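Residue numbering begins at 1 within each chain, and the chains themselves are lettered A, B, C, D, E, F, G and H in the order written.
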Amino acid sequence: MGQALVSIIMGSDSDLSVMEQAASMLKELGVSYEMDIVSAHRTPEKMFDFAKKAHERGIEVIIAGAGGAAHLPGMVAAISPLPVIGVPVKSSNSIDGWDSVLSILQMPGGVPVATVALNGAKNAGILAAQIISVKDRSIREKIIAYKKGLQEAVNRKSEELKRC
Amino acid sequence: MGQALVSIIMGSDSDLSVMEQAASMLKELGVSYEMDIVSAHRTPEKMFDFAKKAHERGIEVIIAGAGGAAHLPGMVAAISPLPVIGVPVKSSNSIDGWDSVLSILQMPGGVPVATVALNGAKNAGILAAQIISVKDRSIREKIIAYKKGLQEAVNRKSEELKRC
Amino acid sequence: MGQALVSIIMGSDSDLSVMEQAASMLKELGVSYEMDIVSAHRTPEKMFDFAKKAHERGIEVIIAGAGGAAHLPGMVAAISPLPVIGVPVKSSNSIDGWDSVLSILQMPGGVPVATVALNGAKNAGILAAQIISVKDRSIREKIIAYKKGLQEAVNRKSEELKRC
Amino acid sequence: MGQALVSIIMGSDSDLSVMEQAASMLKELGVSYEMDIVSAHRTPEKMFDFAKKAHERGIEVIIAGAGGAAHLPGMVAAISPLPVIGVPVKSSNSIDGWDSVLSILQMPGGVPVATVALNGAKNAGILAAQIISVKDRSIREKIIAYKKGLQEAVNRKSEELKRC
Amino acid sequence: MGQALVSIIMGSDSDLSVMEQAASMLKELGVSYEMDIVSAHRTPEKMFDFAKKAHERGIEVIIAGAGGAAHLPGMVAAISPLPVIGVPVKSSNSIDGWDSVLSILQMPGGVPVATVALNGAKNAGILAAQIISVKDRSIREKIIAYKKGLQEAVNRKSEELKRC
Amino acid sequence: MGQALVSIIMGSDSDLSVMEQAASMLKELGVSYEMDIVSAHRTPEKMFDFAKKAHERGIEVIIAGAGGAAHLPGMVAAISPLPVIGVPVKSSNSIDGWDSVLSILQMPGGVPVATVALNGAKNAGILAAQIISVKDRSIREKIIAYKKGLQEAVNRKSEELKRC
Amino acid sequence: MGQALVSIIMGSDSDLSVMEQAASMLKELGVSYEMDIVSAHRTPEKMFDFAKKAHERGIEVIIAGAGGAAHLPGMVAAISPLPVIGVPVKSSNSIDGWDSVLSILQMPGGVPVATVALNGAKNAGILAAQIISVKDRSIREKIIAYKKGLQEAVNRKSEELKRC
Amino acid sequence: MGQALVSIIMGSDSDLSVMEQAASMLKELGVSYEMDIVSAHRTPEKMFDFAKKAHERGIEVIIAGAGGAAHLPGMVAAISPLPVIGVPVKSSNSIDGWDSVLSILQMPGGVPVATVALNGAKNAGILAAQIISVKDRSIREKIIAYKKGLQEAVNRKSEELKRC
């Protein structure tokens, strides 16, 4: 796919089944990406290095997923000038997901994280594509087409329901 | 400032004191913006019309703030192909802000809203600038400088504390 | 059943197993209804059109069910002059149902949604019938009979318990 | 105003400042009403009597407001065949309003309460008028006009904001 | 067992598996009891009648269990002069039990309900026995013995753990 | 007043303004009581000693109030065979009272605490009197009279409201 | 292993599967420990005795796990001068773990409990070792090596992901 | 005071009024400390550098306070081998403190943070002293004396209450 524009990182390989949905969405929308495991808590230096250099490597958007006391999205946003999308993952010992959501969402003034719904990696992929579409209008056309597809799928379900 | 790239909308004029912080931040970072009151619940047709046409008018990012059962960001995201940043506002009859946060954050698959912290309009402004920086590298330089400024401010406070 | 008086809509076909309970209840109470899938987020124009015209088609009450950041009941209530009953559905990625409940219940002043319990579609059906009974006293009689039935069912269970 | 169609009751005179907003709204929309203090916990027999006879006196809708462990709306709904609108009031020792909301909203199957937002008595008034409009089309016209008024007020605020 | 001193009631037969634990505990502690289904919402008149007459029949303590918007304990406490113990039951559509807990616990000043833990019917049985022990010292002896039994059970488990 | 039958204890003198309401209520209902500060965390031995001996001194009911991680009611209930009423106090650093409520209410099987509402010391007083009334019928008469008084107060407020 | 430096206690044998993770971690880091069941609610005297004497027996750190209204960590911390680590356990009737967390964490000023995550016994073990490392530098070396191991495990997973 | 053994850091100077209580406590217990502002989000490199070197400078315990999405304690714990005490601070835009608490407490396995109560900096100071006491028995004596002081203060309050 050429130079990756979006970098998808996650704190643990247990987040993979959720975070892959961001990758699928980016593939569907024709946006090139890379994917890696980077843990703020277990590989802090790798995380630091990743965040410092991502924009120099041509990355335009970072998607970071993590669960529990989820510090990865916020720490990457602290270091990188790029827009960072945070995906709260409902991990096994999470308190119903509240910890993941609040530790990603409630960033202090100065350091935003664009937070999506709990386990909302699919939406993180779409949002990253929307951000890329600011400079690549062909992606915007794909987003418009994708939205039309959503609408048509609902209409088909509606027809089915009425037939019953 | 020329053509507005960011459109800041809010559900009620009572959200203005919070949402103005997005405008200030955009001004500081040199991103042109417009600001209006658009209510999903009281002016649904204006909202519809706004969301349908924003990208045709040259808008690249929408920032939408609302409180309580906050439907404005999600509805605009449903209609517009642009990236939408949602600002949960802690309004007077809100249940501690939980209603604003959850009704903006928990969007279904297919329709993302980039949610920031409760009353986090300042971060919405920075995030919008980060998105614009995807096509305008001069904005990225300003974001890097802004981050340096945050760092220096902390260092000054640190020096003051040590002097005491 | 002739002209539908109640329109049951839901945001997704995954809400159907819950929302069918509203239909069953209306059938039991002899109130005519229609049922469709209308998504605020994926088919916003259909939603708009539906809400604008429902009262012109003879609909008297709308029951709208949705989960997560559930905007369907509130948006329909924003557009239609009819009484709107909202059913918070506990969908798969919901945060324990809190998101559905709060984004339906906490409507701003001016735009009410008559909210029932989480997954409370059965009660939405009864409430719609109670509203119709304002002009059709035969429905009120059925509601009074239904309540008597509830009472008798409890009394039978009470007898069984005492026999053990 | 002639025969009251809506009965507004509340558990305590401390709920009056909230519940008066239902009365104002009904007055504005031309719906006749009565107002009384009826406590499920302190005057259970009066409550019982009220709920048993309201529909025989010509009442069509009951609005019941209460705070804390708020049993008034649900108990009246258990006894009366009329539609009951519940207003959760944020009373002084309430746990942030959660107790009022949950003890009104989460009614079991068979006994609905049409719940509005915390302290949402204004919306209870509008909802009651919407219910009455099922048999009195002049009220529906007033609701349509009221919605137009909401829209115009937002538009005026929007103009003011742009002038600044 | 002679005259029942404790009356165990519950809102639905679905609460029986929880509420039986109160009965077992009372049996173990030698306190006579009766058990019935009494629903505040579906059999309000039976509930009223029950609460009005319980103390005249020789009942000394009432244990009432219910789930969701749980009004049974509070309503019985409103009508009866007896001490009422409330058991919040985590029913199927409950929001994680919070609704049951708050609608039983947060009673207004003047009408107490002695609330025990979520699904804590066993403790309700012990508490009822403790109340009866105010006039029957033989029950107090049994409670002291029961506590000794708890202690010995822990000590046995402790021995087992150390042997491993 | 002779031998105290009820002992009111609290974890800190900052709980006094709340806990005094239990004392007032007992005075009004003619039940003798004593009051002291006993901290589970700061005076564990005094607490232990208190709990061990209360029933030997003729105390029949213990009311214990505490805030935050409130261990006093549960620890006293662990040691004493008497019925223990717990009053969750909303202290200054409490998280909205949730900590006080949950750490008093959620006792494990075997060790009940009769929990009343947040800051509900008044109800703790009434509940203690209801427990004493099991052996002293004159107290029950006072409770019946007290309930009548509550009813009359509501009726007076109702009259006032109607006069306006 | 010689004299135990860390004492792991838990309120019930049902906490054992969680609390064993603290033991495994201490074994891995070469810190000697003991393990026992001590219930604040069912064996208050044993708990008292344990807490009073632990430091005299050479114990340096106490790890205490409990669920629901979890009083064990706080009560031990009230009595012992040693640092106490609290592990909130998500027990069967817990309200999603909130009760365990809040009743361990929210200790009043003067009596700290070092609280770890819900079911976080593994971290309790590491924390205890970190505390012991204050006087035993060989343990610190093991902790540094353990952290390196965490990092290497993530790097291996990262390599695997890239190979796919 | 000689070589600092405890380092108190905080994310912002707005946390100072809370965090000073840790310093006061350490002073009272005779433990040397240093204090600085180190922000994970605004000075990530300083934070990194601080955490990497603290143990080499002779620091034995780190106390870190932060509010909102509070990443400072967890990130320092990720990098440093020292025991880290986290103080959740209830900052101005915090959602009632839940965000601070959960983002500090819910650390993943491998990286503990010893969390104290919301705004519990005083207890963080005591806990740090308890940890230092593992190698310095004179500090343990001071802690024992401090606990005695707490007890005496309660006893004095108890005497005062009885005199009234």
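Assume contacts are C-beta pairs under 8 Å (C-beta built on N, C-alpha and C of every residue); 3 or more make two chains touch, one makes a residue touch a chain.
Bear in mind the structure is a predicted one, so any value in this text is a computation, not a measurement.
The fewest steps needed to get from subunit B to subunit D, moving only between touching chains, is 1.
Counted as hops between touching chains, the shortest connection from subunit A to subunit F is 2. In summary, the chains found to touch both subunit C and subunit G are A, E. A repeat of the B-D interface exists among C-E, D-E or G-H. It is C-E, with more than half of its contact pairs matching by residue number. Between subunit A and subunit D the centroid-to-centroid distance comes to 43 Å (mean Cα coordinates, whole Å). Taking each chain's centre as the mean of its C-alpha atoms, subunit A lies 35 Å from subunit C. Multi-chain contact residues of subunit C (touching two or more other chains) are listed as 12, 42, 68-69, 93, 95-96, 98, 101, 105-108, 110-111, 113, 117-118, 120, 147, 150.
Here the touching chains pair up as A-B, A-C, A-G, A-H, B-C, B-D, B-H, C-D, C-E, D-E, D-F, E-F, E-G, F-G, F-H, G-H. Here subunit H touches subunit B in the complex through residues 12-13, 16, 35-39, 42-43, 46, 68-69, 93, 95-96, going by the rule given at the top.
Considering their complex, residues 55, 60-61, 81-83, 85, 101, 105-118, 120, 122-124, 126-127, 130-135, 140, 143-144, 146-147, 150 of subunit H touch subunit G. Of all the residues in subunit E, the ones that touch subunit G in their complex are 96-98, 101, 117-120, 147, 150-151, 153-155, 157-158, 160-162. The touching residues of subunit C, when paired with subunit B in their complex, are 11-12, 40-42, 44, 48, 67-71, 74-75, 77-79, 91, 93-95, 98-99, 102-108, 110-111, 113.
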